[in-house]
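My structure is below; once you've seen it, I'll send some questions.
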Amino acid sequence: SADAASQDRVVRAAVASDLRFAFPEIIELVQEEHPDIDVRVTYGSSGQFMTQILNGAPFDLYLSADQAYPATVVDEGLASEGQLFRYARGRLVVWDPQGTLATPTIDDARNANTIAVANPRHAPYGRAAMEALISSGLLSVLEDRLVFGENVSQTAEFAQSGAADIALIALSLVISGPLANTGTWTEIPQDLFEPLDQGGVVLDEAQDFTAAQSVRDVLLSPRGQEILARYGFED
Amino acid sequence: MDIDALWLTLRLAALTTVILIALAIPIAAWLAFHRRFYTPVLEAIVALPLVLPPTVLGYYLLVALGSQSPLGQWWTSTFGSPLAFSFNGLLIASVISSLPFAVHPLLTAFTSVPTKLLQASTTLGAGWPRTIVKVALPLSRSGLATSAVLAFAHTVGEFGVILMVGGNIPGQTRTLSIDVYDSVQAFDYSSAASTSAFLLVFSLLVLTTTYTLNYRSSVPRQLASSYPQPVTVIQ
Amino acid sequence: MDIDALWLTLRLAALTTVILIALAIPIAAWLAFHRRFYTPVLEAIVALPLVLPPTVLGYYLLVALGSQSPLGQWWTSTFGSPLAFSFNGLLIASVISSLPFAVHPLLTAFTSVPTKLLQASTTLGAGWPRTIVKVALPLSRSGLATSAVLAFAHTVGEFGVILMVGGNIPGQTRTLSIDVYDSVQAFDYSSAASTSAFLLVFSLLVLTTTYTLNYRSSVPRQLASSYPQPVTVIQ
Amino acid sequence: MIIQLHGRRHLLDVDLDIDIEEFTSHVLFGPSGSGKTTLLRVLAGLDPLDEGELRVDGKVWTQGSAIKVPARKRDIGLLFQDHALFPNMSVEENVAYGIPRAKRGDKRGIIQWALTQARAQGFTSRPVASLSGGEAQRIAFARALARQPRMLLLDEPLSALDTPTRESLRNDLRLLIHTSGIPTISVTHDRTEALVLADQVVVLINGTVHQIAHPSTVFEQPADAQVAAAVGVETASAGSIVRRTNGLAEVEVEGARVFAPEPSFSTNGVLVCVRAEDIALAKEQSVTSQRNQLMGVVTRISPHGSLMRVDIDAGWNIASFITRTALDELELRQGSTVVAAFKAPSVHLIPHD
Amino acid sequence: MIIQLHGRRHLLDVDLDIDIEEFTSHVLFGPSGSGKTTLLRVLAGLDPLDEGELRVDGKVWTQGSAIKVPARKRDIGLLFQDHALFPNMSVEENVAYGIPRAKRGDKRGIIQWALTQARAQGFTSRPVASLSGGEAQRIAFARALARQPRMLLLDEPLSALDTPTRESLRNDLRLLIHTSGIPTISVTHDRTEALVLADQVVVLINGTVHQIAHPSTVFEQPADAQVAAAVGVETASAGSIVRRTNGLAEVEVEGARVFAPEPSFSTNGVLVCVRAEDIALAKEQSVTSQRNQLMGVVTRISPHGSLMRVDIDAGWNIASFITRTALDELELRQGSTVVAAFKAPSVHLIPHD
């Protein structure tokens, strides 16, 4: 990144883990449209980002996996209401990493010994997965076969390592990146859980506020939304 | 607070400590008393579990213990239940991840046992095992206590490895430390604070008791009377 | 591999080790040689950072060092840059989280220095500082090496605290262990494996060197010639 | 320097007032386990007292369990019974350790001097672990000496040495103490050592001081039965005074009668002590100045250092040291009849029972 | 049991063949730093050899740096010079530690017996840290003994004891060795100890064996100048044989002429040794069987144990031990003229230069 050094417009983005595979393409798009902007990304847990932002973490743009965290950041006075935006809606799938089932459905969970879901207490996909299990009346049956990952990535690792039989995780993880060709999956109907709307915010303290807004604009642009769609998000 | 988690944590920490001490004694004795040119390498290897981030160590352990691994399969076919996401799996994982803390302080203590006393033991006809149990170990009480304390405390506080290998199953593999972690992630700070405070006070009690007992018994009974006053070795 | 992260890790681990050793020597000496009825409590307190899960410890440290805290605000107003999410913040956090590993082995070693030698030193007119530097410390080489090795290895492997306090900012607070963690989260197992392997091999070299030097110099030069053969204390 | 120690510590229970400048060289003499090391440790400030106090020149150094002047400020050179050399240092570093800051300029010279005094040149740069027992003892002595302290406490300084080295070091030590003028308290078990070294001997038995006197007094006129046993008076038996005339006492002891100088005390129960070297042997009784001439039978002949010890049953069991030459001349063997002759002044009476 | 040690270790470099059953009690005698402890450690299997081998009854125990029979299988009771008691055990536990499994049934009895032999009853349940130096030494001895090993190696077993305890323990030890029949090698610096204990003395100087002989031979007829120095022959000066007649040699030594038995060697350069206790003093020359009568002047009078040492310049500087009684009778003081008389057989010649 020899020319990155010559750029002086830096945007430090805290990005939810489920965008890990999609976001690099967004950055390429930013480069194309604003060659002078250098986007530096940190992927991680949305909740942890919020804690850090509340304690002064030097981020300019925060892309969360839900809408509540960015709203809290606004409530705490670190961003203005007007900077809140919604950029995507996540999709939930049932994933069979071994590929023994051609089209694994949520009902196939009945035959699994161990089902991995993200921790519903703090991971948005975990909450959604639990709602889906409740709506389909499976929770009482499966309750003691659930294992809880710290986040969707770890939940996928439970299954990918062979320790869990199936996992309820984000679509974005199984159609792109290293897991793309592993196992089989089917989407869980969106009416089984509250929508996984993902929001973000540009922070007041942003080093280069307009540049951060530019990145947001690229993300929300049709070309940006098209990329997200390819990586398993709805708008 | 979660009584199940407390009970589980206690059982795990106590069992891990007992197993670790049982393992650490022969390992440390061998490293201390059987020096070869490669001994420093082995000493370093024992410290290695520390170098990997716990989650990563946990991932590798999960792969090694999971249902796809030979060990995991053998275990399942022998004992009827899988090793990953079980208490036994947790135990193995925390033994491995706390091994350095158990071995190294004991090794230090063994190294400072005067060689002449070990030689006296051998001229009196004692072999390795007797010499270690009767001479080296009693003279290494302080190292043994440190080993036990560090192993216990680290197991109580460990969560990366345990989360990965255990899957955070309530009542089965959810320890207090995972509980605190969950609370923090879920912004339930009051619950995190009360559980943390409990953990700290409880550990303080256990550790203080260990140190006090160790100190008491390291001063021979008959000499104790000569220490009615505070003992300051150097004025 | 990420050269920035490697360099950062090295700097952090080396500085942490140096600071910890400098802190551990007086603390351990005081605990070992100035025994009072409350000493076991202090010994236990030193072990407490271990009991909290790293993320939780990290959270409390973040709150203590962050922009909302008096310390954080003072630091920012004095040094012009925030403490949290900076290298200095990381350093403070890792010093605190690795403190037990530095203090306890050294404490064990100090405890086994023969009292008579300390007394000999005082009758020869030496006070505390000289006695510790010239007598207790050289006779505790093995404990000192263990302290340094555990502190170093633990800092290299630590990620919970560092992730929380540092925020995983590339080039600033992203250490190798966070890098590995990131790779695992991104299912980039080959990169995780190669970085892990590097970490392991690198640490093995550092630790082996430490132990070898320690062992070499603990055998007085003139005596070394009498150990051309492997040294087995007990046959 | 006046040392006043009145107190208890473990078995030790002493009332001791000595002036270690009047008599520069004190020897602490007593059987194994009598509290000699404990006493030195209390003086050095390494052990507190269970009760009582230690004053030096009127200043309180230790008061009960409180050590008022810490060891490092007492400016004492202590030679530990088990040496306590620093194993992490070379010989030279050990000796240099205690040299006060002010004298560091001439460090090399002081080290050399101390090593020479201790007869320990030649292993300066050796690691301590490679020293033999006797070598270690000499280095420990050099280390205590190199401080040039205001008081030297030597716990069995020569016990690990061979006879010739010990003899010459013993003489050197005496000279050193007197030329340097450093008051010294040495612990020893060895009679010759006490005789050569001491200006004054303190006899410590079972934790209490039994006698403080000139060395020859201690060995020839022990104050009581325990001292007699401790200094190894070969013949010490209970008897009773049957008559006192002209400054002489006639004593009945076992089957025999002997004459002794009339004691100052008035009790008649006594312990009759005669040192074996004061008893001469002859073939026959003769007219000499020797008051006591007892006829007896040789029961045992055994070597004793460079002398021979002859045990005689003369009614009373007595022992005599004679030279090998004399033994040959007298043609003694077990069962021979012999006359044991000794002057009245050689007989020392101690009140008893 | 035949011990054949041919090898080097540090300074030690010996060719030693001894039968420790023929002579049950060996004493290893030599100056400080001569390698005695090293030799015992090699025998016990604690130290390897730098080169060479150790065989016992023909079986290889140590071959160079390889210890073929490990220490714990050698069935040896070793008393360490610095005791090496286990500080974590009581006195009793220390003594019990080495009792073989087979004999554990009578453990209590054996402990009692060993403690009694070591004169160490009375502190059985004490922690080791509270023992005095001499007490620790006796416990260490009891611990080595309680094993009832097939060989005892005692490194200065009595050095920390007071004279009376040492004397009686020394006699007991001799008795013990002979009644139990356990072959023993003891290290000592003390001449009386060697004389009392040894059936045979091995003189080790500077790492090499200089003489193996009966104790009285070693002390009266040292094999060479170093042995003479080590055993502390008080007078040993270079001289030369000027005439040999009738089995007598006339030797010129410094300014004097003395007679000695004609030696078996033919060189004329000799070291003339006379033990101080063989020299009698008289006021005047007289007609006796004593060949050598040298007139001289007293240069120094000093105590030597229970005797007095008188140094005389008779052209040749000689020393004599006499009793205090004799000293008084002769009315000797510094500067007195005196005749030193000694028989020709007391003069021992050693080839020299």
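Chains here go by letter, A, B, C, D and E, matching the order in which they are written, and residues are numbered from 1 within each.
Basically, contacts are C-beta pairs under 8 Å (C-beta built on N, C-alpha and C of every residue); 3 or more make two chains touch, one makes a residue touch a chain.
No experiment lies behind these values; they were computed from the predicted model shown.
Visitor: Hop across touching chains from chain A and tell me the fewest hops that reach chain D.
Guide: Minimal hop count between chain A and chain D: 2.
Visitor: How many links in the shortest chain of touching chains run from chain A to chain E?
Guide: 2
Visitor: Most C-beta contact pairs, which chains?
Guide: B-C
Visitor: Of all the other chains, whose mean CA position lies farthest from chain D?
Guide: Most distant chain from chain D: A.
Visitor: Just curious, how far off is chain B from chain A if you go by their C-alpha centres, in Å?
Guide: 37
Visitor: Could you work out how far the Cα centre of chain B sits from that of chain D, in whole Å?
Guide: The mean C-alpha positions of chain B and chain D differ by 56 Å.
Visitor: Please list all residues of chain A that touch 2 or more other chains.
Guide: Expected reply: 48, 51, 154, 157.
Visitor: What are the residues of chain E that contact at least two other chains?
Guide: Counting only residues that touch two or more other chains, chain E contributes 10, 45, 70-72, 82, 130.
Visitor: Going by the touch rule set out above, which residues of chain B reach two or more other chains?
Guide: Within chain B, residues 55, 59, 119, 121-122, 127, 139, 184-185, 235 contact more than one other chain.
Visitor: Which part of chain D faces chain C closely enough to touch in the complex?
Guide: Listed in rising order, the residues of chain D that touch chain C are 44-46, 70-72, 74-78, 80, 82, 84-89, 97-98, 100, 126-127, 129-130, 143, 147.
Visitor: Quick check on the complex: what are the chain A residues that touch chain C?
Guide: For this pair, the touching residues of chain A are 12, 17, 20-21, 40, 42-44, 48, 51-52, 54-59, 151, 153-154, 156-157, 160, 173, 177-179.
Visitor: What residues on chain B touch chain A, complex-wise?
Guide: 55, 59, 62-63, 65-69, 72, 82, 84-85, 163-164, 166-169, 173, 182, 184-187
Visitor: Enumerate the contact residues on chain A facing chain B in the complex.
Guide: 45, 47-48, 51, 113-114, 116, 119, 121-122, 144, 146-150, 154, 157-158, 161-165
Visitor: Contact residues on chain C for chain D in the complex?
Guide: Of all residues in chain C, those touching chain D are 114, 116-117, 119-127, 134-135, 138-139, 220-223.
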